[in-house]
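Here chain A shows up in two complexes: once beside chain B, once beside chain C.
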Partner chain A sequence: MRFLGSALVSFLVLAGKVLTKSSSGDSVLVLLDPSLSRANYSIFFGGLEQQGYDLTFRAPKHASPAIAEYGVPNYSHVILFTPDTKSYAPDVTPQSLVGLLSENTNLLIALSPRQTPLTSLATEFSLILPPPGTPLLSHHPKRPEPANVIPVSVSESPILTPDTNPVWFSGVPHALGNSPYLVPILRAPSESFAADSTDDSGSGTILSASDKGGEGFWAGSHIGLVTGFQTTKNSRAVFAGGVELFSDEYAKKALPSGQRSGNAQFARDVAAWVFQETLTLRIDRTEHHRVNETAAPEMYTINDQIVYTAYISAYDRKTSSWKPYSGITDMQLEFTMLDPHVRIALPPVSGEPGKYEVQFRAPDRHGVFKLVVGWRRKGYSFLHTTTTVPVVPLRHDQYPRFLSAAWPYYAGAISTSVGFFLFSALWLAGDVKGEKKNLKGVKSE
Partner chain B sequence: MIPRITFHLSWLVIAAGVHAATLSLQSPRVTISSSDATQLLSDTLPSIKRPEPLTLGASDILKLTFQVTENGEGKGVQPHQTFLRFYDSVSGEEGIQPVRVTPGGKAKFELNMARPPASLPPTTDRPLAVSLILGSFVHDPAKYDLFDLYVPTSSTPAPHPDEASFHVLPPIVHTFRPEQKLPPKVVSIVFAALVLSPWAILLGLWGKIGLSVPHLVSPRILPFTALLGAFEVLLVRYWVGLKLGQVLLYGGILAIPTIFAGKTALATTGEWRAGKH
Partner chain C sequence: MAGPKTAKLSSPPTTTPPETSVAVSMLWESYMQQTPNRLKLIDAFLAFIVLSGVTQFVYCVLVTNFPFNAFLSGFGSSIGQFVLTASLRAQVNPQNRSEFKDVSPERAFADFALGSIVLHFFVFNFLG
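Presenting the complex of A and B:
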């Protein structure tokens, strides 16, 4: 009964996933600051709704609808367009947002030069923000817009559509910590820097900030503007330095070169990544068996030839389904007991989509081993699977039987046996003539 | 909302006065001296990028002086942004170093490799492209490529502990124990022959004295001999392929007739030897 129940639940979950646009659900909660006009973000929100997302809007200070109830998130994704909000309803705290991420809810967060609870949340994700009130400025290129409204060219990234036009940006930059879980999406132009001055006499404060060393100075193309973070549970968070990036105003604003700005496309791509539509992979199942067999044995013997197979799918947003995926070329398989004893490439099998297979020889060490596949690349879902298999030494009768080095010993043993047999046969069957004669002689005497 | 509007307005007011004039660089000069103040190089920089790269030793000091002026005339100005950019085009590493400019537009920058600034990016054996970025709220921005600079290779910063798992890891091959070494078969054959050689002596001597087995096929003796032979065959079969359990079973079954056959056979030979027949 219990099994039936869990089967029904998993079926319902599967059925639900097939109908949605995102691989992790289509309900979205939008926390929108009252100072922001919803109409100014109609392109972004309208695009999401057109895609099949179910948007629920809420002011940050309203208590309902709740983000999570009894520790279970109510929404698959949360957008926090509250760059200037300092006080929230009690259910929105940095801790509760981290809790959402660990429950596989995705977050899209907009920051601003103002110090808010979200600023300290960003710090927990290894993003280092400048002091409050220091927006990103750039005097390059020459343009009629003020120095804090900056056209930023979009670099190549698997997350973004290739050849996206430069985007307008206005907001706060952040330095990136050395956490490998960060996924840089948009970098600042190399001429830009963070400063709070509004005229040329402010150059002195820039110098004194840089003299502090460390993270005292935010400048150059190593500074991030929009940065993603993928957790080990594969939920995703994106921190954008400014909410205007997603606005209709910037989406329609022409670039200094006269081209259309790439903001609408960029916002769509960022949302697709953070909502787990793109670059989402999973391991469907794994198999292992001895070469020339098909079923997994209960245990392997040392030096066995083992065949390991993994089946991997990627989420296809066009059809909202999982499709076999053979695009990974650098996956590795480890055969581990405390430390990996064997680490080899696990390449895709040509002609069989989604199948990755490798054959290797089990080490001549016995113990409980694990077959481990761990694949982490920036931007992609992390893949991880382990299978425990015991490896045993040879049984007493599995060793080679007829060694040439032992021939003298075989000869000796066989000699002894044959000798015993011959002696027994002769002794039993033979006649003792001399003794008999003697006995006869004694009798006759 | 109100503070946001005023913030933007203040930008706009400034923006109205922007781009009045251009900034230019006057008398840029680069000097490299060693730690004991010996001047190794002193040169004025051309208006385009210096063709040959500069090289800076581990304890050398690079000095860069210039004046920022308006429209290329004598009047010096202090721009908002005077940054030196060090850029490694291959690794993409970049360092930005602000330069102090006096209100008269004069600037002096010193790079002491004995104490490199934190803004200097991690370096390799490739040169860093050094450029000067000028920006201002009232003047047009400007960017000058100055020169390529070789600096000593820096030590690499410690990566995050999880960083390695984001890259292809080096393959690991298990080192198997070497296969068991066997002596040449000739040696084994020689020694096996040596072990078997007593048979030759035995058979030779038997041939001399002659053998007589009158009771071999006697019905009281033959079963016991045959059963002893069967035991020998069983042991050979054990060696070749049987398991211990099977051997014990078959041996147990064989033992029962062997006991009776042996008793009969031994009693019979006893009688013969005692001369009762």
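Presenting the complex of A and C:
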């Protein structure tokens, strides 16, 4: 069976067809606004279909096909390319979309400068949007396009292909709140700002706002354009400030420098991340046992040497399978009872892919402990596992006996006994020899 | 119990006062002469027990009382043996004959032996 599978994979590779699928499912529902032409997104959607995704298109106002039935999502991923839609079918609400995320469905959402229900949804994800009707503007670099169509250079990120060309962007920026689950993917150029008109009549206000700084001012490289959000259940959502980022028009549009734009590559990378193709990790299993043993004991004794092992694999999009992964170097193991009593590095074992192992001494403290591995890094799946183990004190017959420090006491007790026997022997011997005479002699005095 | 000693101690004060060494040597001589051999045997055993107990106590104070059960049993065996032996000495002393009319020396020794064996049983049980 395995041979057959690998033969099939090699056949597909030979056939030149790249078949990459998501780790969480292949069905995608696309809510596409009627004002957007599907042909204008053919590179993005065609790329997804070529990868093996099963796309279903639906207008936001149509009730079928339903996103979820009886509380169970029908699709593994949902793309909302409805930046200007104000009214949706009843099954699409901010609450239902959040419910989809908690059912491990991924969301790719495009926003626009218009005020829509998705704007308030973004606020729930700790993205702070500017007032309605204030798109991102930039007058640099000098180019024939209007000020709201901006080439944005792509910064280094584990999500994106290295050395991606700058991408064309047009839409609304957002400030990032302090949620630790946010994953910035694309940030605004430092000379850009959000304003409600392109004619620069309000430049004085913008200047005074920039002097004051702080909240209410969307400008500079600290604001985001495309931002991801990873939930504690490892489902992912991406908010993009403009839907044109994914369009054929921007993918084909040449940059002011004359290079090809990076939009197609960028859109593919963002989709790969949000559909859980890349940076997807999981803990396959964990083991723990005493050193020099193999099976997990029912309970540990204080000061035992414990060996803890975790097996971690990463999703490999090329073969659509989980492969052992040894790339994590900063994972830690905690041995906790309310507080971590032990916190140590859990390094990968060289030569054994996917295996992380550490040996440590249980504290001199009994109680119910937990072996906790928690690893949270921006962009990667969160890893978390706990195992509860009891740690008991020594049994009454497990304590060390006949300590060398106690030899004077042992000698004292033994010598007293020996002395008692010698004394008794002498006493009885004296009795036989007729000591009574002496006693009588004393008595007679 | 210490009949011979006190009998002798009451007489020296009539002689010259500063001669304490003379008094001690006189005490020692009278003890050697007047004490029966059996009581000397008992006294020697008592002296050994006192020495052993003091040694253990000093070790406990200066070095360690860990493990404490070993200290308790070792020191307790010294004390218990001392008490039993002292009782034996009181009962077999001919000068106390009037107080222990119905206890013969043989009976006293049997009591002493039985008590000691029980004591040592507990001591060794508690020692480890």
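Please note the rule applied: the second predicted complex is superposed on the first by the 378 of 445 C-alpha atoms of A that agree within 3 Å, B and C clash if a C-alpha of one lies under 4 Å from a C-alpha of the other, contacts with A are read in each partner's own complex, and residues count from 1 in each chain.
Keep this in mind: a contact is a pair of C-beta atoms (placed from the backbone, for glycine too) under 8 Å apart; a residue touches a chain by one contact, two chains touch by 3 or more.
Here the structure is a predicted model, which means the values were calculated and not measured.
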Of the partners chain B and chain C, which touch A:R343 in the superposed model: first, second, both, neither?
-> first
A:Y410 in the overlay: touching chain B, chain C, both, or neither? Say first, second, both or neither. both
Comparing chain B and chain C in the superposed model, the one touching more of chain A is B
Q | Partner chain in contact with A:R401 - chain B first, chain C second, else both or neither | A | both
Just to be sure I read the superposition right, which of the two partners does A:A59 touch: chain B = first, chain C = second, or both, or neither? neither
>> Let me test your reading of the model: by the given contact rule, A:F423 touches which partner, first (chain B), second (chain C), both or neither?
In response: second
Q) Regarding the shared-chain residue A:G374, is it in contact with chain B (first), chain C (second), both, or neither? A) first
Chain B and chain C footprints on chain A meet at residues 401, 403, 405-406, 408, 410-412, 415, 417, 420, 424, 426-427, 430, 435, 439, 443
Counting only contacts in the complex, chain A reaches chain B at residues 35, 84, 138-142, 144-149, 178-181, 190-191, 193, 195, 197-203, 206-207, 210, 213-214, 217, 219-222, 303, 330, 332, 334, 340-345, 361, 363-365, 374, 376-378, 397, 401, 403-408, 410-412, 415, 417-418, 420-421, 424-433, 435-436, 439-440, 443
In their shared complex, chain C is touched by residues of chain A numbered 401-403, 405-406, 408-413, 415-417, 419-420, 423-424, 426-427, 430, 435, 438-439, 442-443
Seen from chain B, its contact residues with chain A in the complex are 1, 4, 8, 10-12, 14-15, 18-19, 77-83, 85, 87, 92-98, 100-101, 118-119, 133, 135-138, 140-141, 143, 157, 159-160, 162-163, 165-166, 168-174, 176-177, 182-183, 185, 188-189, 191-192, 194-196, 198-199, 211-216, 218, 221, 224-225, 228-229, 232, 235-236, 239-240, 243, 265, 269, 272-273, 275
Contacts from chain C onto chain A in the complex sit at residues 34, 36-38, 41-42, 45, 48-49, 52-53, 55-56, 59, 63-64, 66-67, 70-71, 73-75, 77-78, 81, 85, 94, 97, 105, 109, 113, 116, 120, 123-124, 127-128
